[in-house]
Structure formats: structure tokens, C-alpha cells
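Shared between the two complexes below is subunit A, which pairs with subunit B and subunit C, respectively.
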Partner chain A sequence: MDTSGMNLTYTLSAKTKKILQVLIAVGLILTIWGILKHSQTDIQKQRIWSNIWVNIMFFFGISLLATFFYAVQYAAEAAWAVAYKRIMESVMKFLPIGAILVFVYCLLGVLGVHHTWKWLDSAAVTADKVLQNKSAFLNPGMFLGMTAVFLIAYVAYQRWTCKVSIDIDNGGDGTQMWKTNRTRAAGFLVFFGFTSVVGSWFWFMSIDAHWFSTLFGWYVFAGQWIGAIITFNLIGLHLKSKGQGEFLNDSHQHDMGKWMFAVSFLWTYLWFSQFMLIWYANLPEEVSYYQARWDDYRCMLWTMFFVNFALPMIMLMSRDAKRNRTFIFIVGCIIFFSHWVDTYLLVMPGTLGAEGHIGLMEIGMFLASTGGFAWFTLSQLAKAPLLVKNHPYLQETLHFHI
Partner chain B sequence: MSAKTIIHGIFNDEEKLKEGAIKLRSARIRVKEVFSPFPIHGIDPIIGIDRTWISICSFIYGLTGMSLALLMTWYMMISDWPADIGGKPSFAFYMNLPAFIPVTFESTVFCAGHGMALTFFLRSWILPGVSPKNPDPRTTDNMFLMEIEAKPEDEERITAMLKASGAAEVNIK
Partner chain C sequence: MQHESAIREPLILGHRTYHDITEDIARPIEGRANKYWYLVFTIAVCAFTWGIGCLFYTIGTGIGAWGANKTVGWAWDITNFVWWIGIGHAGTLISAVLLLFRQKWRMAINRSAEAMTIFAVMCAAIFVTMHTGRPWLDYWLFPHANQFGSLWVNFNSPLLWDVFAVSTYFSISLVFWYTGLIPDFATIRDRAVKPMSKYIYKILSFGWSGRAKDWTRFEEVSLVLAGLSTPLVFSVHSIVSMDFATSIVPGWHTTIFPPYFVAGAIFSGFAMVETLLLIVRKVLNLEHYITVKHMEYMNIVIILTGSMVGVAYLSELFISWYSGVEYEAYAFLNRATGPYWWSYAGMMTCNVISPQLYWFKKIRTSLTATFILSIVVNIGMWFERFVIIVTSLHRDYIPSSWTMYHPTWIEIGIFTGTIGMFFTFFLLFARVFPVIALNELKTILKISGESYKKEAAAHAHH
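Up next is the complex of A and B:
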């Protein structure tokens, strides 16, 4: 297929900029209003910090799992996703910024600026037998050290693979680089498989420091993965709405729709498996996590669960729905927010107890970060042609048909 | 009613068969059936086969399996012989529902999968003891066969069209 007739240069149009500016402005106004109004007591200050952590981890998770999904395409030798390669790269390019934000937030926690992780406070550990027993793993050195190593490795792979992608465009040997990329992608996946689980223990699970769950890492992973898939879908739809992205045909949309459907089920499966076993066994040290959510966040917990499970199941089950861009857009936007609520529920009950609720500040911070993330991603998308060159699977992806 | 002849166009290559079928269809000749060693991508719309209903069947079987499992667990665990397991009271179905989800899931998948396979076997009549409908054993190996039902007067025209689109053999029965 000839690609010379296609307009492969994306520009962030004035209209898109305006929408995003309004989004960011409204978000910032609500956030600042919330901060000014609620920053007197310690718990109110912590509410601001916890909110920041929710948004950092939600968008960091999206870019990290975008990198994971990108590596999967190489390791699986998949051709269909080559058409989405530049879209994935634009999302992945947020990873260095996300990694810095994660590290800075963790460092501030160690320095005692905020109290997201109670076990970082040495006075609390002395008074707590369980935390003392866990201190071989849950201690500041381990926390910052492992966080730094993981983040540096993730960012190193992401930067390398994005750079190579541009090099091949400028006349590199695509087939040879594809082989190198496949090997490195497989290595990254092994590293990621272990470290993403350990990372989720530090970043999320240890907020409820007494509690532990073996399944937790996969559940967090699945939640972030669906965020990344929705982001790819929405950017693809955005390109289509601007009359660009002719190389993304209905079969590509169908496959991305399938991923949205399938990963939603993976998330539901893991969420429910964790919940059901803890609910049934009813052991005091395990139920504490769900008790906190059940007592103070029950409505939010079940709404979030059913929206994330039932909405994709009912709306995206049929083949026609997965190819219908309106369906994908509506379902995508709703479960995007709903998975943000999932991230919120990972952080809030452990840091704020019963004090947390979704008010204007939370909504504002979500809007501002979404707008900022979208702005960054789309301006990265504008920096490179929308379709790769010299890739061995390029023709196959252009003729992709299922 | 005049007798109909059956024409078998045998191809070495599925792409040539597809091209041939497109030409025949545009000349208003119906391709009755295609036999091939593997599924040919995109052949269905070319020879005018409607989209399969098997996914809808599968959905209905899945719903059946789900209903059966919910009925079963309700009857066994709540209605007939309520059992206190792990201190979970079984006064009402919804209270114990999370415990019943795994078996409901398994039953749904079991019924959807088996129902779909059995429907496929029945619909294509692949059952123990049934003699194969396949007209030529080579279509299980390396050949692609197109079956056309035509009036005797069209015989020569169709044969010529099949040959022109690259058929290795044309057999008339």
C-alpha cells in the first residue's frame, strides 16, 4: 500500500489546544480553591498530598504500561500494532517525567514532608511490632534504592526504544533493529514482570502497611494496563476525528477494542479473586484492607467495580460494537475515570481513613492532570511522523484485515 | 425441471480460487461450496455466505449456563440445605453470592464452549459414523475445490472461466 498520499504530520490544532487549556484552567482553579480552603489540619494537608500521589501514579502507570504493551508487540512478533507504534511512543515519552515525579514524591515521603507511608516514620515503627518485623524490607533505604533502580531501568529501555524508532525512520536498517528490539523487549518484559509487582508493594500496598496480598501486584498492573489501552484508543479516535490516521483501519480498531474488552476482564478477574478469597477466609489481618473500604468507601468501591466490569462487558461484547468508534469513545472515557477512582481507592483509605471523599479538589486535580497529560502526549505525537518507515512489518500492518 | 450438472473447479492456490469466485459471481453464477484444507481468509463474502450466528448461539448458551449455575447454588446452598461455612450465614442468596461466582463463571464457560462446539458439529454434520461430504480427498491436503451447480447449457462457459482463472482441473459430474 502506498502511504505517500497520507498526511502523516500531526499538529496540535488551535481548537484542541483551546479545549485542553480550558480543561487545565478549570482543573487548576478547583485545585487551588481546594488547597486554599482545606490546608489547615494535618489530615487536610495529607489529603492534598494523597491526591497528588493518585494522579502521579495513574498517569505514570499509563505510560509505564504503554511501554510494557509496546515491548509485548516486539516479543510476540505482532504486526497489527505497528500502525499504533507512534501513538504508543507518544504515550511512553511521559515515562521519564512520571519517573521523576514518582521518585521526588517518594523522597519527600522519606524526608517526612508528607505521611503517605506510615512505616517511614521511625517513631511509628518502634511502637508497632508488625512494622518492626517488616522493617528488613520496608525501610527508607530499600524503598528509595529499589524505586530508583526500577525507574532507571524502565526509563532506559523506553528512551532507547523510542530513539531507535526515529533512527530507523532516518534510514536505519529496520530488520536488524527489529531483531535487537525483540531481544531487548523480551529482557525488559522479564525485568518488568518481577519489578512491577515489587514496585506495587512499595508504592501502593505498603500504604496499608499491616496488610499484604499476593495477587495485589497483578491487580495493580491490570488496572494500569487498561488505562494505557484506553489512551491508545482515544488518541487513535482523535486522529480519525481530524481526518488523519488513514492507516488505522477498522480491523485495527477492532483489535484495540478487543484489548479494551479483554484487559477489563483481566482486571475484574484479579480484583474479584483477591476480594473473594479475603472475604471468604475472613482472617483479621487480611480483611482490614476491605474493612476500611467497606466502612467508608462502600458506594464508591462497588460503583467503580461494576462500571469497570459490566460496562465494557455489555457495551463491547459484539464485533460491531468494537468497530464502532462512538461506542469505544463513550466506554473508554467512562472507564478511564472509573479506573482513576480505582487508583484513588488504593491510596485514600490507607492515608486518610474515613476523611477522604471525592470533592471539587479531587475532580479539579484529575481534570488538570488529564489535560496536562493529553497536552504533553499530543505534542510528542506532533514531533514525529504518524507512521513508521523501514519497519519489516509495515506492509503487513497496512493490509491488516480480520 | 431440467437436470443440473455439478462442476468441480480444482485449484492449486487459494488466491486464484478467490479471483475465480469473484469472476463467477460477477457473471451471476452461484458458487455452491468451497472445500479447502484450511480456512481461506475472506472467502465468506466472496461466495455469498452470511455472517455466522454461532457467536449469538454461544452467548445464549453462556446465559443458560449462568442461569443453571445460579439456580443450582441457590437450591443447594440456600434453599434445600443451608450450610454454615466459615461462619458465613446463608440466610439469603445475595449474602453468599461472591462464593458462588467461581462456579457460575465455570458453568458459563463450559456451556458456551461445549454448546458452540456441538452446534458447529451438528450444523456441518460432522458426527461419528457420518460419511464425509468432501467430494475429493485432495482438498484435505493441498488442493482447493470450488463446487458449482449449473444448467447443462452453461457448462462450457463456466469451464472456460474456471480455466481462465487458473484452475488446475475442471471435473464435470
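Up next is the complex of A and C:
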């Protein structure tokens, strides 16, 4: 296929900018309004912090899992996704910023600025035998040290692979670099596979410091993965709406739709496995986690679960639905928000108890972060041609047909 | 128009034509078996017969003939059941998931992998029906109409879910396997010269004519079955894991069990596919089709699933300490340092460490190494189930009931018998069924055949 006639330069148009500006402005106004509406008690202050953490982790998770999915394409020798390569890279480029935000937030927790993790408060640990037993793992040094090591390694791979991608465009040996990339992708996947589990223990599971679940890491992983897949989808659809991205054909769209469908099922499977086994055995030390969500967040818990499960199952089952761009857009946006709620439920009951609820502040902060994230991602997309050059699978992806 | 990148390695070696493929794959069916086939077949049948004898002994005597006791109520029976069910998973993964992922390399291996699934589930069924103690009453495992009796099955029990899961799995796998065989049976039918074999293959091929309409329906049905089988890859072993995980036995009740059992099942299944295919390609001269590249891909799946199992082992170990639950912590301490430490050590070495050798390209492309490691992995996965079942049970909550478990020769005989049965069936399969999906394989010949790839590359240079 000839790509010379295609416009491969994306520019963030005035209209898109305006939409995103409005989104960010409305988000910020709602956030400030939501904050000022309440008197500044300790729990209200923590509510602001917890919300910040939800949004940091949601978008950091998307860029991290974008990097994971990108590496998987190399390790699995997949050609179809090469057409999405630049879109993936634009999402991955948020990773350094996300990593800094994660680290700063953790550091502020250690410094006692916020109280997201109870076990960082030495007075609370002295009074709590369970936390004392865990202190060999749950301590500030281990927390910051592991967080830093994980983040530095993730960012190092992401920056390297994004840089190489541009180098190849400018006349590098695509086939040779593909091989190097494949080896490094495998290395990253192994590192990611072991550390993402530990990361999820620190960043999410230890918020409910007494509670534990061996499946937890994989469940968090699946939720973030679906976020990344939807982001790729939405950016692809945005390009199409601008009349660009001619190289993304219906088969590419179909495959991305399949991934949305499949990862939604994976997430549901893992959510259900964890929930069902804990509910079934009904042991006090385990069931407390769901009891807290059941008592105070029941409506959100079940809505989130059924939206994330039933919606993709019913809406994306058929082949035609996966090729219908409007359909993918609507379903994608709903699941995207619903997985934000999933992240919200990971954080809130443990930090706010029964006090958390979705109000102006939550909606506002979500809108503002989504707007900011979209702005950043799209301006990264504008920095490089939309299609890679010199890639050994380029012709295969351009001729992709299922 | 499809296009395949030049850097992809060929999946059919040398220069083959469509006719060559038919000839190569029909040869074992139409010709006579060599002496190695008879030798292996005799050994397999002897083991099988021995196993049947031990089964009858068990039925006549009761399961007191086994080593299981009051504390260790499940032992070799369930270990072997889970082991065989797990092995079956690779067949479903190859036929369903790899079809959905459009992996062309699946075409040379899916037929034998699916056959392996069916035979493995049959072996598993023996243990699970026997372990009830009175197998003639096993029809009570199914929910009957209430008029039949007042006792109904317990729908809250994962053991019942297992009955449904495994029987669904078996039926879908059988249908999938058979559907795939129909066009190939028709090819054998069209070539048959003896009236008897022509007649048999005529019945087996369901009047397949090879019309475009037949192929459309064939492809649609394959996709639907792949869609149905993919959740089965997950559900069957998840439910098997729930047989343990829904209980409150330390070491059993852990949330990671469902996905970790699935990963482990695929892991051991691929190892068994490798063991079988390495023999098949040699004995039936199929080196052109089942290539080193196929083995390399399977070895990569083994690294992946082996590492996932590794993450799960370490997560469990860590959380047993992190949870602060002393029973849980002791269960793991006992696994690693108790009287059955050797089975834990064997599991860790065979399942987590040995697959890491495949990071070296030399090892993952060596057929000898692959053959040895595939057996090592299956030993390791057997140990895993033994560790989970026996080590967790033998020291329960009341130290006065702590005991050891030793298998009797009857149990060993039944296990050997299932291995014999597995190979007996597989060897028969290899003689009367086309072991490679020959008609499907032909669809990739011009794209992934070595000589055609070279030709295309030569064209691209001009």
C-alpha cells in the first residue's frame, strides 16, 4: 500500500483545543466549588488527597499499561498493532510525568502531609499489632525505595523505546532495531510482571492495611489494561473524525474492539474470582474489605461491576459492533468512566471510611484530569508522524485484513 | 490480499506442494506401522491393562485399597485428576485461543493437541469417578428430577460445578475436534482404495463435498466453537481450583488460585504437547510441518506461563507472611521445610527455574533439550498438585491427627494405567486419523512455505 498520499502530520486543532480547555475549566471550577462547599475538617482534607491519588493512579496506570501492551506486541511478534504504534507512544509519553506524580504523592505520605496509608503513621503502628507484624515490608524506606526503583525502570524502558522509534524513522535499521526491541520488551515484561504485583500491594492494597489478597495485583493490572486499550481506541477514533489515520482500516478497528471485549472479560473474571472466594469463605480478616464496600458503597460497587462486565459483553459481542466507530466510542467512554470508579473504590473506603461519595469535587477532578491527560497525549501525538517508517511489519499491517 | 513480513520464519520447510501435504499426512493412515509403533503400543497396552486390573481391584475392595486416610482424604486420586485435566488445557488453548489470535503456527499442532485434550480428560474422569468410593452410584452427581428421589445435589458446592465444567469441556472439545476432522476425513475417503476403509471414512466425513458453502459453514462453526471454548479454557481450571479455594484449609484458601491454576494448566499442557509432537514428527516423518520454530513458540509459551506460575508461588508465599495469619504462614513453612519438603523443592525447581533455561535461544531451539524439559515440567506440575493437596492436608488444625500419606501399589498401578491408556489412544489416533489439519495447513502454504517465501523475497528485490 502506498502511504505517500496520506497526511501523516497531526495538529491539535483550535476546535479540539477549545473543547479540552472547556473540559479542564469546568473540571477545575467544579473541583474548587466542591472543595469550598465543605468546611475543612480532617476528613474533607483527606478527601481531596484521596481524589488526587485516584486520578494520578488512573492515568499513570493507563500510561504504564500502554507501555506493557506495546512491549507485548514486540514479544508476540504482532504486526497488526504497528498501525497503532504512534498512538501507543503518545499515551506512553505520559509515563514519566505519571511516575513523578506517584513518587511525589508517596513522599508526601511519608512526610505526613496526607493520611492515605495508615501504616505510615508511627503512632498508629505502635497501637496495632497486625501492622507491627507487617512493618518489615510496610515501612517508609521500603515503600519509597521500591516505588522509586520500579518507576525508574519503567520510565527507562519507555523513554528508550520511544526514542528508538523516532531514530528508525530517520533512517535507522528497522529490522535490527526490531530485534533489539523484542529482547528488551521481553526484559521489561519480566520486570513488569514481578514488580507490578508488588507495586499494587504498596499503592493500593496497603491502604486497607490489615487486608490481603493474593489475586489483588493481577486484578489491578487488568483494570488498568482496559483503560489503556480504550485510550488507544479513542485516539484512533479521534484521528478518523479528523479525516486522518487512513492506515487504520476496519480490521484494525475490529481488533482493538476485540481487545476491549477480551480485557473486559479478563477484568471481570479476576474481580469475580477474588470476590467470590472471599464471600464464600466468609473469613473476618478477608471479608472486611468487601463489607466496607458493601455497607457504604454498594450502589457504586454493583453498578461498576455490571457496567464493566455486562456492557462490553452485550454491546461488543458481534463483529459489526466492533467495527462500528460510533458504537465503540460510546461504549468505550462509559467503560472508561466505570473503570475510574473501580479505581475510586480501591482508594476511598480505606482512606475515608463511610465518608466518601461522588460529588462535585470528584466529577470536577476527573474531568480536569481527563482534559489535561488528553491535551498532553494529543500534543505528543502531534510531535511525530502518525505512521512509523522502516518497520519490518509495516507492509503487513497496511495490508491487514480479517 | 494478505502480506507476510519477510522476517517471519517459514512454518512449512523445504518445497512442498498441495499434493505433497496430502501425501505426507495420509501416509501413516494408508501405510503400515513400523516396528517402533508396535513396540510402544505394546508397552502402552500392557500398562493400560495393568491399570484396569488395579481399577477392578479398587472397585472390588473399596478405596481402602488406596493410601488415603482420615487426615489426608484426597491424595493421589485428586492429584492425578487435576494433573490430567490441566494437561488437557493446552489443546483447547491451541485450538481456540490461538485461532482467535490468528496464529498460523497452530495449524500444524492443533489436531494432536486436541486429541491429547480428549484423552487427558478421559484419564482425569477415571480418577474423579473412582474417588467417590462407590462409582456405581456416581449418577447422583447429576441433578435428577425430584421424583427420582428426595436427595438433590448441592448447588453451592464447587464439586458439583466441577461436574458441569468438566462435562461441558469434554463435549465442546470433542465437537471442536471432530468438526475440524471432517474435511480431512473426506480427503482420506476420496483417496481410499479398499472398500471397507472407504465406507468407514465416508460415514466419518458426514458427506463433506468441499463446496464453497461447506467451507463457509466450516469456518463459521470453527469461530463459534472457538468463542465458546475460550471461556472454557478459563472456567474449567478455575472451577477445579475452587474445589480447594472455597474451603478454609490453609494453603488452599487463596484468591489467586483460579488464574494461577489456569496458567499452570496451560504450562503443563504445552509441555505434554511437546513431548507427544517430538515423538510424532520423528515417527511419522512430519519434520517439514512440525518444525523447530513450532517448538520455539511453544517454549516461549512455557516461559510465559511458567513465570506466571512463579509470580503466583511467590505471591502466595509472601502473602502467607504478610497476612499475619499463623495457620497460613505455617502451611507454607511446612511445605518448604516439613517432611514433604522434597515435593516443594521439586515443584519450584521444575516449574519456576527450569523453564527459565528457555531464555537461551540455543536451548529453546534444541529438540533434545525441549524433550527433556517438557518431561521435567510435567513432573513439576504433578508435584505442584501433590504439594497443594497432600502437604496442606497432612498437618491440619489438630496436631493429634497429623499423619503422613504413602501411596499403595494399587494407586501407582492406576496412575501408570492412565498413562498407558493415554498413549494407547494417542497411538491409535495417529494411525487412523490425520494427525495434522491438512486442509487448513494448505491455506498457509503459499504464504508461510519456505520455498514460496524465498520466491517472494526474490521478487521483492527486483
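Rule of thumb we're sticking to: the second predicted complex is superposed on the first by the 401 of 402 C-alpha atoms of A that agree within 3 Å, B and C clash if a C-alpha of one lies under 4 Å from a C-alpha of the other, contacts with A are read in each partner's own complex, and residues count from 1 in each chain.
In the analysis below, contacts are C-beta pairs under 8 Å (C-beta built on N, C-alpha and C of every residue); 3 or more make two chains touch, one makes a residue touch a chain.
This one's a predicted model, so the numbers in the text were calculated from it and none came from an experiment.
Asker: Following superposition onto subunit A, is the placement of subunit B relative to subunit C best described as a clash or a fit?
Answerer: clash
Asker: Which of the two partners, first being subunit B and second being subunit C, lies in contact with A:213: first, second, both, or neither?
Answerer: Only subunit C; A:213 stays clear of subunit B.
Asker: If we overlay the two complexes on their shared chain A, which of subunit B and subunit C does A:197 touch? Say first, second, both or neither.
Answerer: In the superposition, A:197 touches subunit C alone.
Asker: When the two structures are overlaid on chain A, which partner does A:401 contact: first (subunit B), second (subunit C), both, or neither?
Answerer: A:401 sits against subunit B and subunit C alike.
Asker: Applying the touch criterion given at the start, work out whether A:281 contacts subunit B, subunit C, both or neither, answering first, second, both or neither.
Answerer: After superposing on A, A:281 lies in contact with both subunit B and subunit C.
Asker: After lining up the shared chain so the two structures overlap, which partner does A:77 touch, if you call subunit B first and subunit C second: first, second, both or neither?
Answerer: second
Asker: For A:295, decide between first (touching subunit B), second (touching subunit C), both and neither.
Answerer: After superposition on chain A, A:295 lies in contact with neither partner.
Asker: Name the contact category of A:173: first (subunit B only), second (subunit C only), both, or neither.
Answerer: Touch partners of A:173: none, neither subunit B nor subunit C.
Asker: Using the touch criterion from the header, give the chain among subunit B and subunit C with more contacted residues in subunit A.
Answerer: C
Asker: Select, from 203-211, 329-337 or 365-373, the region of subunit C that bumps into subunit B once both structures are placed on the shared chain.
Answerer: In the superposed model, subunit C runs into subunit B at 203-211.
Asker: Could you tell me which stretches of subunit A are touched by subunit B in one complex and by subunit C in the other?
Answerer: In subunit A, residues 276, 280-281, 401 are touched by subunit B and also by subunit C.
Asker: Using the touch definition from the top, list the residues of subunit B that touch subunit A in their complex.
Answerer: 41-42, 55, 59, 86-88, 98-99, 101-102
Asker: What residues on subunit A touch subunit C, complex-wise?
Answerer: Contacts found on subunit A: 77, 79, 130, 133-134, 137, 175, 178, 190, 193-194, 197, 201, 212-218, 258, 265, 269-270, 273-274, 276-278, 280-281, 283, 285, 392-393, 395-396, 398-399, 401-402.
Asker: Give every residue of subunit C touching subunit A within the complex, in rising order.
Answerer: Answer in residue numbers: 1-8, 100, 102, 231, 234, 238, 242, 245-248, 253-259, 307-308, 311-312, 314-316, 319, 322-325.
Asker: What part of subunit A is in contact with subunit B in the complex they form?
Answerer: 272, 275-276, 279-282, 317-319, 401
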